[in-house]
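Per-chain numbering from 1; labels A, B, C and D assigned in written order.
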Amino acid sequence: MAEKVKKIALLTGGGDCPGLNAVIRAVTRTAILQYGYEVYGYKFGYRGLYNNDLVPLTLESVSGILHRGGTILYSSNKDNLFDYQVEEDGKIVKKDVSDVGVENLKKEGIDTLVVIGGDGTLTSARDFARKGVNVIGVPKTIDNDLEATDVTFGFNTAIEIATEALDRLHTTAESHHRIMLLEVMGRNAGWIALESGIAGSADVILIPEIPYDINKIVDKIRQRESEGKPFSIIVVAEGAKPLNGEVVVSKVVADSPDPIRLGGIANKLAIDLENLIKNHEVRSTVLGHIQRGGNTSTYDRILSTRYGVAAVELINEGKFGNMVCLKGDTISYESLENVIGKTKDVNPDGELVTVAKKIGISFGD
Amino acid sequence: MAEKVKKIALLTGGGDCPGLNAVIRAVTRTAILQYGYEVYGYKFGYRGLYNNDLVPLTLESVSGILHRGGTILYSSNKDNLFDYQVEEDGKIVKKDVSDVGVENLKKEGIDTLVVIGGDGTLTSARDFARKGVNVIGVPKTIDNDLEATDVTFGFNTAIEIATEALDRLHTTAESHHRIMLLEVMGRNAGWIALESGIAGSADVILIPEIPYDINKIVDKIRQRESEGKPFSIIVVAEGAKPLNGEVVVSKVVADSPDPIRLGGIANKLAIDLENLIKNHEVRSTVLGHIQRGGNTSTYDRILSTRYGVAAVELINEGKFGNMVCLKGDTISYESLENVIGKTKDVNPDGELVTVAKKIGISFGD
Amino acid sequence: MAEKVKKIALLTGGGDCPGLNAVIRAVTRTAILQYGYEVYGYKFGYRGLYNNDLVPLTLESVSGILHRGGTILYSSNKDNLFDYQVEEDGKIVKKDVSDVGVENLKKEGIDTLVVIGGDGTLTSARDFARKGVNVIGVPKTIDNDLEATDVTFGFNTAIEIATEALDRLHTTAESHHRIMLLEVMGRNAGWIALESGIAGSADVILIPEIPYDINKIVDKIRQRESEGKPFSIIVVAEGAKPLNGEVVVSKVVADSPDPIRLGGIANKLAIDLENLIKNHEVRSTVLGHIQRGGNTSTYDRILSTRYGVAAVELINEGKFGNMVCLKGDTISYESLENVIGKTKDVNPDGELVTVAKKIGISFGD
Amino acid sequence: MAEKVKKIALLTGGGDCPGLNAVIRAVTRTAILQYGYEVYGYKFGYRGLYNNDLVPLTLESVSGILHRGGTILYSSNKDNLFDYQVEEDGKIVKKDVSDVGVENLKKEGIDTLVVIGGDGTLTSARDFARKGVNVIGVPKTIDNDLEATDVTFGFNTAIEIATEALDRLHTTAESHHRIMLLEVMGRNAGWIALESGIAGSADVILIPEIPYDINKIVDKIRQRESEGKPFSIIVVAEGAKPLNGEVVVSKVVADSPDPIRLGGIANKLAIDLENLIKNHEVRSTVLGHIQRGGNTSTYDRILSTRYGVAAVELINEGKFGNMVCLKGDTISYESLENVIGKTKDVNPDGELVTVAKKIGISFGD
């Protein structure tokens, strides 16, 4: 009797990230070329699983996407089938509709679900695994803050973009003797600020893990002045916090119902620094969404491809309920049960912060 | 009797702009190699002329700067010696100190002053010319809005950076079915938004010259949805204005003492659009200072070099009181008397706007 | 009576060039959105016209191609239907098959043929026009050497790539005190070498229009040594020629049946220079096909879009037999009868060569 | 009694490599800011040690070099003081002049020598260590082929440049249905070809570690044709070798006294492939020196900075005779005695080659 062909499906969840398409391509090519699987994709993450919005993935449909940011499967940020927003009797309610997802998989004969996403998306993956679904996870976070893996794709692209922005700000800072702030991503973990700050020759790096004292920033600026460098570059993670827990901002910003929308910590810090320093103009730039898109860096293309191939290998070996990861330079995997909720913050006493401090970068502490 | 060696001095005024260093290099090299002049630079624009803050420029000191943004001579934004802020009897007063500048030139034996700057800086150049100083002007505005010259350096670099940002935003917009806004420079003239919008495949371009109706923007977004493109890219010049003259923003922003500092037109427009559209997330990014710095584009390096060489030729021919310019593909010059205060706005009925409209770009009008 | 819908077809001929896709996109969008034409493309240039290999072009099929090099319609280098290679009675013969092309156009009801190509491709376009076909030409040459238009698309992208390569070679040249040669495109006209050489801070530029004396190159290298710069950068157009008409190469290269294949003028010149100079290593790099592909520059995206829109305007106005072109900063057109065979060489006494010489660049003359 | 200030000196040896300046900067800044050392540099590697060509390195002299390729200390490729070419009695002889180096160090009071270089340069470092000199090694090889460290700086920059070149070649290959070859560095180890090939979507990767059968390459090209992809991209390490040990080249190339100079393996392979395939044009590009220079990638700036700081820490701890290295994601060190001569080839059965094969890349085996 002929063996049944395996059918697998991918979905991408959460914010987009350079490398998603490279994972989708590697999974699809390996599954088809090596194992003859049929490959599908759910559109818009779990929402597509709920709506059974399924598209076939072929060698043709993944051609030419290796280098492109974004995800050809689309993504949604908040859809969790275990707590899903549905309309019932004319009212919006939240309920567990995960069974619909399980049913849809059965109906289509999907053997395995490959879930590419961050902590939220992978939590649902674990929960589907608990319900008996064959799940493989692929970690995605542009912030590089998952404990279970040494590096996540998208991070290298993000720090390249942030570093290029810092390079650009340098010439203006120097020409006008200004203080230039650049706000980069990192609500909870400061990796992007830390690594782009080292690479982009920042003078001050502010990250959530090391609360800053604004007076220490002023000290650094003054010290540089005294050394004949009357300009400074400051890179700020969006989650950077002052020591006393309060951003010292002009009242109008503090009173706003949506202060983040109005420009982020860098804009506020710029106002406060200019008030304190007086003899320099201070300017801020919020890098924002430019960090997440466009062409994927060489490093991320390779890492994503390795992850994608490894995911199919796990399927082939029947090792479900696991997430692929990178340990040192080796591709490995870990149980989804063990990885959820574990983030990797910057260690204020770790090697990278120490390196930055040794070459003279201030963290405002 | 031995002929006296000519001594010339350069200064750069106003906001920095990629290509300034290329002009400085071309002037210095041509002056030294072709005519044996001595070349000097005043630091920080006219402030340096006032303080006689003079540095020699040599083949060595202009080596390796062709591609670098910024200005090795530094710049200041506001110093006008004809209306200069000085301390007198313990009070800050404004007065005409241009004679100090003229004296300093004489004292140092500077025959000719080469002034690289925008309209404000060149106005002073004209005024010094009226006082008998040998002046040559080189036009600088990243906004490309001078009537006297077809193209100014820095503009091409700026639209390359803005276009790359638009390329990056595309992948995120498409992956999340979002509306993405990018705010670019252009307080009075929308050239950067217009050209980067065409090159970056924007769906909507908003410029000061064409006041927009926000409902027309919504129409365009809806039309794209109906064509299977549930995402849109909008590029906004910082000086873009709504038809009715008022930005429809949430009250807290409108009431702010410094609304521009709080994020610019793009942030405000994003809030308003999200309120109107409802079925898409709207995100904005303000490109800011990243547009002005870093490496100079190939086009701008060549144009700046041509300007620099032409400036020295004018000196050699004794054609003082003129500004170099580009007409079509020909380097030429015009009297400073004729160029001041004449800006070149985007023509709403001109070829470039028409081209954009023909391929389907909306201007919100 | 209902008006018949117009049907137009595009084809691309000759070597690929960044901007082709931007022209195809602009023609297609303008034709569909403004005039409701049906748009088609012949694959592989005139060969597709001969084989009636026609594909429909829609808003969807030209989506996402603005920035991409190459041509979605494919191109062939040599197919001329007026002298076409066909098999007849088992033998390969050349004959005029242009009537097949005319018939195919009629059969499909194609009203107008838009031909994007260089001198060879446009010569056929003119010949089809003479046979009564409605033809519009769009000029394409990466070398920028057409007399009828001030700038061709692809050229700006090419000089950006060449300039970046020169930037890269500088650090190695300086670190090792080497002479580095870069060979760029330009068999008959030296524009790419000239403009990238100015932008990339070359010390020597060798172009077909100015035959070089190798001893003058050595003189320049020696002069730089004496000024404390014991390294030099030389950019060489592939068609650069020595004064005496002979490249002085080692015998093995000279005797080769395919010397160009073996590495180009730069490799040969490197051998000869090293023999003459002795105290420096000399290294050469042939940039080759990297110059033609990949992402299209901002400048070229805009120029190509303008050309594409203008081509459709000519169709709409019934102005057939013309080629769109750029004069100064104005889009215009000229009769195909007047443009064929007229190339624009670098003028050895023109402004750009003069500028280069004034800042100290040697042309080996 | 006041403690004597420590004096350390750096030198860079071998081919230049992006990241050298970042190491120099990190060593200098850490040494001065953290430990108050005096820092010097020998120019041109060991030749400078022999000639006592010493320059002071200060915070000022290492300012602005973090991102720049090359080495501000210059480098020489072949100077080995243990077998140094000197003139003696009018004849060129080779002799051990290492004592001169030791004497120069003593004379200047240099406590420690920081040597940044590849295997040859580090072999001398070890030999100086055996003579009692305090030496710290920093590994440098753009090929990433040192066993003692997981990653060397410069490699990431090189694969980024090679990947961008592959991206560019794709559009031309596809537009013309061509076979395009790109030759990259890698005389003994194929890491650059392997990683850029994966990232740049190559169809065939040829590396020294896996001898190729040209017929297998033809098979791959034919297979792609049959799948509707009548074009292919091949990346070739310069040291790639055919299975039978002989490159099948046209006689004129094989007979040449300097076949590598005439264009490298890619050019030869292109001729042979075109002869075998016939229905496609085959084109080759040799990336050459462009891979080594220009701006340093973000990844390499960070790694180099970490190496530089670690080198000074070893000095501070008195751990001489060691080389810094990276193990997994941890900075560590190993005795120079243990690292010399140990290279890290691509493992034909390792994860990366396997990944490449799984997604369908052929190695011609």
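Odds and ends about this structure:
By our rule, a contact is a pair of C-beta atoms (placed from the backbone, for glycine too) under 8 Å apart; a residue touches a chain by one contact, two chains touch by 3 or more.
As the structure is a computational prediction, the values presented were derived from the model and not from experiment.
Set against the Cα centre of subunit D, the chain with the most distant centre is B. Subunit A and subunit D have CA centres that are 32 Å apart. If you average the CA atoms of subunit B and of subunit D, the two centres end up 42 Å from each other.
Along subunit C, residues 167 each make contact with two or more other chains. The set of touching chain pairs reads A-B, A-D, B-C, C-D, using the touch definition from the header. Put simply, subunit B touches subunit C in their complex at residues 25-26, 29-30, 33-34, 59-60, 66-67, 150-151, 156, 159-160, 163, 167, 195-196, 198-201, 227-228, 297-299, 301-302, 305-306, 308-309, 312, 327-331, 351-352, 354-355, 358-360.
Contact residues of subunit B toward subunit A in the complex are 15-16, 20, 68-71, 74-77, 161, 164-165, 167-172, 174-177, 180, 250, 252-253, 255-258, 261-263, 267, 270-271, 283-290, 292-295.
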